[in-house]
């Protein structure tokens, strides 16, 4: 059933709030009072609730079933985390109220920092990045700040990025003023070490660093990682690790031990803060000894007199005096996604050091189980075990006339959200399946049964798949039309 | 572990199916020296809900909430009342626990709300188009600066002294890595127009804020004209979106890109985040716009629906040539914004904005009447600045002892001696007449 | 999609809670420790949340659309009410903790009592009844207590009940030890005043009272109500008014003015506490001067020394000394549905005296609009305006082969919950439609369009309707089978 | 009014369609003298959410919560930890805002959860069948007494002195109106077996409670045998359902009807309600069972599903011949019970019950060790009674001043001189070792 837009059902005279009547006093707006209404439609509360509840039912969600989007890590969102985030002591405090009145909030930040540092083995963490890509930006900006300090910022501009990387990696490097050089992938889905070596031969005085995802976007652990780190360090560069897949190794491997200089952590992936249809994220970024002092504002310190936590908010020479801090600047107003910090800390304390290790292990076990169950029907992209996600190519669809997208849409009719498709780019017609640790074996079996059935239909060339889905709230949507004639907002029909 | 469904039996069976001895097999690519054997030391083990809830409650109890007494802190985040139904909506499993709507056939709930959001933001700001939201107001501002540079192919950005210090720093940090020159004018209570003199032929944009960080409301029209005369853009910033319910929208004053913080509508103070950045612009700039955008289309049966669109601007397609590296929006916060705005409608928003302005007028009246207080903001929406003979930090601490959280000392944002005695104070519909009287009384006593 | 039972997906070894390990100390259970496990299956939290979220989507609800169940009053449930009920100061307090520590809770009760008394014009209210039927029981027990006091409990045993009454009325009368005598309905859907007069002629020394719903179950106001009240009072009996439909008159009519001696108020109907799939209810019962002193325990008083609220909990001569109270006994443990009181008071304060009046008027307007829109297609049961619900008979289905139940199931396929059917019994094939005040005109129009379309199909004898619904999560369910071979619980399959 | 969608225009249009002049027309059947013209006097007008929330918050703040400090109050309602996911589930719009499942095709969500609830209750109590829940434990007990009278066609009920006073009074009030004699034995700490001597040929049932109101756990087997010897029934009552995780279920001890309070699982203390009454019985009594029942069946396609069934017992069909007048269950509270019990499972429930028992053992040890304290309960689950030389009300007030809410004075339930110095105290998984130590220390000081 179609749900109309608020613009079709609301009116500018309707409102779902009751406010006291204004007193009607003279304004002090300096003649800038609005002359025209906004035109915004209002709904009464019953209408508004119904509108959004009905719309919600048009969504698939992790609470409804397996959500196997590879590299997105859709896991169960514990409701305790939501409850804690809504405690007035966290939800109803202002970032600029006197710091003595928010010591509990700063303790939350301190405790989360402590966990993140210990889990990664890193000495410092910048908490303010607002999402994973923002954390990448923070890490690369810290490298840039270090290069400024070294007087090499104008010369060291080359950043190596594997071709299998998330698009955010090259985009971030460029946003931070670097130039991107691609590294080829090896046939086993990892960085081609020879290609890397070749690119680091000779003059490396232009090398700023490398951006590497590990486990990588093929769901594989970069087994040469230590050698790669050494190579980049020898070349005078820094090792940025994209921590998007940290959930596969948390509690089992510390990135510092691998030679990492900076790594962002997607709190929503590893520590289960809710995705909410595309955000908010949170991307705290851990930094090595070499980069620690460049962490951005605000910087948290402890007041030596009374042990209180204190945030240095802005570039203030007086405040920084006596420290060796050289903040790279500021990522955003205030100090990051506090609401995600409370959720992540709640999740972390619930799991503990033992539970987090189990999280990684179960995530990897689940992915390998899927790979094992499907390998005879579909085409695993690479040999051997995977980490937290199983990657298949479209080789098994050869000559069937069916494409990866059809498999995806076919899975919708099976009652599932599809896997990630056509990513990573290094695998043809890629299908990347990440079940996470919060799925039961029974659920995995049902999912594999469904995917197997769709794959078999596809192999047999079942034309019906090309029109799937049939059972979703909508049929296939025309994305080309949307891009060709963008309609990005509602407009009143002309009279 | 309550969040882990696999039983020991399951694990054993699955390993058998896989043909692995133990999960250690899966980690064989990890260099041996880096393999951890047991749980990481010096960290506690798992705890039940009761224990964790107690721990977090104890931390929460150490904070003083904005509802506990008279509270006048603003400067980019505002204490407003959010209807309970908004939280119900964003806690719907189907909204809370879904992902970016990559598969539009089963994500129309998210997509339609994003379309409603974009439309609301465009209407509010008086602009032609808006995106699906940014991280927050400050990053929206830095993205707007970068966008202006791309659109004009120029590399110089002028930021007024009325722009929130954090916003200005965020803009500078983001721009400088790309070799863009950022000129930040000295803080000024009511001089957005100082920007006019800085519009040159190499200027990508002027960035003005209204209401500015001190509270002053400014007519942006002459600034826009000055910018346009040099083929530069005007980027208009706001930190209090409720102001748009009462003030002429930037779109009507000639702004080319409008950015701001949407927290006030639908979202709690939350100690600074997550918030929701609003970004709207002229139609002609749409392909330079960063971030996610939702558009209308039709499905195979010809029925109308929504999809993410214009993704050729984005990093997952364009990689190193993308307009930005952004890959999320502020999904849930934007939904909260949209739901709250839908409850308000034009009528409710206008009323809310009027109540805010009247509260600030009452506050200004009450404080101005006190000996030693000088109001520094002639025009304002819901926030004012005032100066006293006392250092602002000490003043606020003294007010705090009397139970009043009186605002932000300007020197916290701008560490400059000439602002040492300045307080920035906001009033909203949550501030009662009694609270305002209590503020005045406390201030009178402190200054006596 | 079928959702399996927890017994099929859970195991006794799985749990979705983490508790500290017991210390293993010697028990003090006197040898009564359980020898066998309970067999109860557990689920991890992700499994449990998903199970119940999936199940929820098989329900229709007011948040999804119009819910026109006549006499059930399904209106919007404001979320503020839910928020308030969950404030720790209300949710996390114990009914037997020291009364000095719960003065705020008692003030809630006092404030709600004040509103209920003023809205009904009655001097007293018993707060403990747990649901509407429980409130009826309370009112009839108060009448019984008064008869005991008059020494007439063994002689005055006859209670008059209209044949259109809810089943609870006669059931309650019998539960309270009375005998039921039916009063016939008049052709205009009200009490047949002549029949009533006939039954009160001659010796009325056996008359205990009358139970009358007003507005009545036909959705009509009993226009002779004052005369009926006088008749029953003259006969020496009491007037129990079933307040199920108070929502139609709140703020416009005070039951006391009509001669009522006792009336329960369904908080969920008039004051929008959530129905929750069948409860919990709450049935505070207002009492006239003549019955006030018989209100059950606990009795709330104010401490004369310090003004504190105080509850007299049990039959305690010392506590009652100096009062004229003669409590009829106790309805239940503690003091009623506190969680519903906080919600109802929140709703009442939100509406205020002006809003509650508007509630009644809009509810009645909406019902009359539906009646007006459908009267040409369907058969209104009675002439004239209705109150808060519109009643139709199945006369328009004559010779069509279609029955009322088919109309109901047909409405499911239109995306609506059906109206109440086959009630009241006095109307053949009754269809009772109650829209409530929280529906918009647009929603009413859509509903009327749908019902009109189904009614037209029915009139034309469309056989397909007899198999409806087609589009619901299930097809028509076999209720006869369920009753003939009751399977009321899961049982492990025998090995 | 935010909850009323009709606009003035809508109202005018609708009146026109109806052909009425004003809504007053609809009230023409109201006797003229009873028609109110304006809003009822002496009552306030409508208020916004902010104002109402403030009002209610202020009232809430006047109460002291069970989480604020050491808290040992039980006697029929218990402070337990409820997982946050339970509240999420019951706040789902589709569960919260639906009605009795009269149309099973669109109510399978409610119906299946009720079926799960019935099964869980039957398994927990060791009985054959259970209904869809009652208002609470006390009304379940009174319904069980009436049910026993119907089943045996006898009119005499014997209630042990260990039954919660409110339950006994509720039973008496309900039975006496129907001419049933109710004998309530004098309060006794540990003498449920006193019932045995009261089983006579005219006895419909014996009603025993274990753990009883003072905390004592009793073997019901000999009581059941005594009842059955006279063809009477044994009704077994509990007020703490968690006890069933550790104690032999009443069904294994010969009970015919088992009733009790389910609040402890899934439901907050809530100052006494709403709670959820559990009622289970032998299969042979099923048609005498009051209240709503859900049963399995199939649909027109042969697919399994659920419906309300056995409604020929109920008031809406049988009217004055119904088994009871009940027409609701405790829907949402029962759902909370089922969701929480599903999270626990046998393993979690056993562990929870063990923790409760151990906490009570620790409490008993700590208090017994104090001079002047006499433990009155030899065996117990999570609740104990003790006597001191001090009047219990004064004692509890003194403990309260030391920050400990120490329990219930027995005389609050049983106003008898011989119980004046008795305190009933409960301990659950929420009571920490520190809290128990604080209790002991405070008690020692008060008695010193």
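Per-chain residue numbering starts at 1, and chain names A, B, C and D are given in the order in which the chains are listed.
In this text, a contact is a pair of C-beta atoms (placed from the backbone, for glycine too) under 8 Å apart; a residue touches a chain by one contact, two chains touch by 3 or more.
Remember, predicted model here, so these are calculated numbers, not experimental data.
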Comparing A-B with B-C, the busier interface by C-beta pairs is A-B
Could you please state the distance in Å, as a whole number, between where the Cα atoms of chain B are centred and where those of chain D are centred?
-> 47
Return the distance between the CA-based centres of chain A and chain B, expressed in whole Å.
-> 19
Indicate the residues of chain D shared as contacts by at least two other chains.
-> 1-5, 7, 46-47, 49-50, 53, 57, 67, 83-85, 87-88, 91-93, 343, 429
Chain C residues touching 2+ other chains are 11, 13-20, 43-47, 49, 53, 57, 63-64, 76, 78-80, 82-83, 350, 438-440, 443
What topology does the chain touch graph have (line, ring, star, complete, other)?
-> complete
Provide the residue numbers of chain B that touch chain D in the complex, in ascending order.
-> 2, 49-50, 53, 57, 67, 81, 83-84, 88, 91-93, 343, 429-430
Please give the residue numbers of chain C that touch chain A in the complex, ascending.
-> 1, 9, 18, 44-47, 49-50, 53-54, 57, 63-65, 75-76, 78-79, 350, 415, 438-440, 442-443
Within their complex, state which residues of chain C touch chain B.
-> 11, 13-20, 43-47, 49, 53, 78-80, 82-83
In the complex, the residues of chain B that touch chain C are 1-5, 7, 46-51, 83-85, 87-88, 93
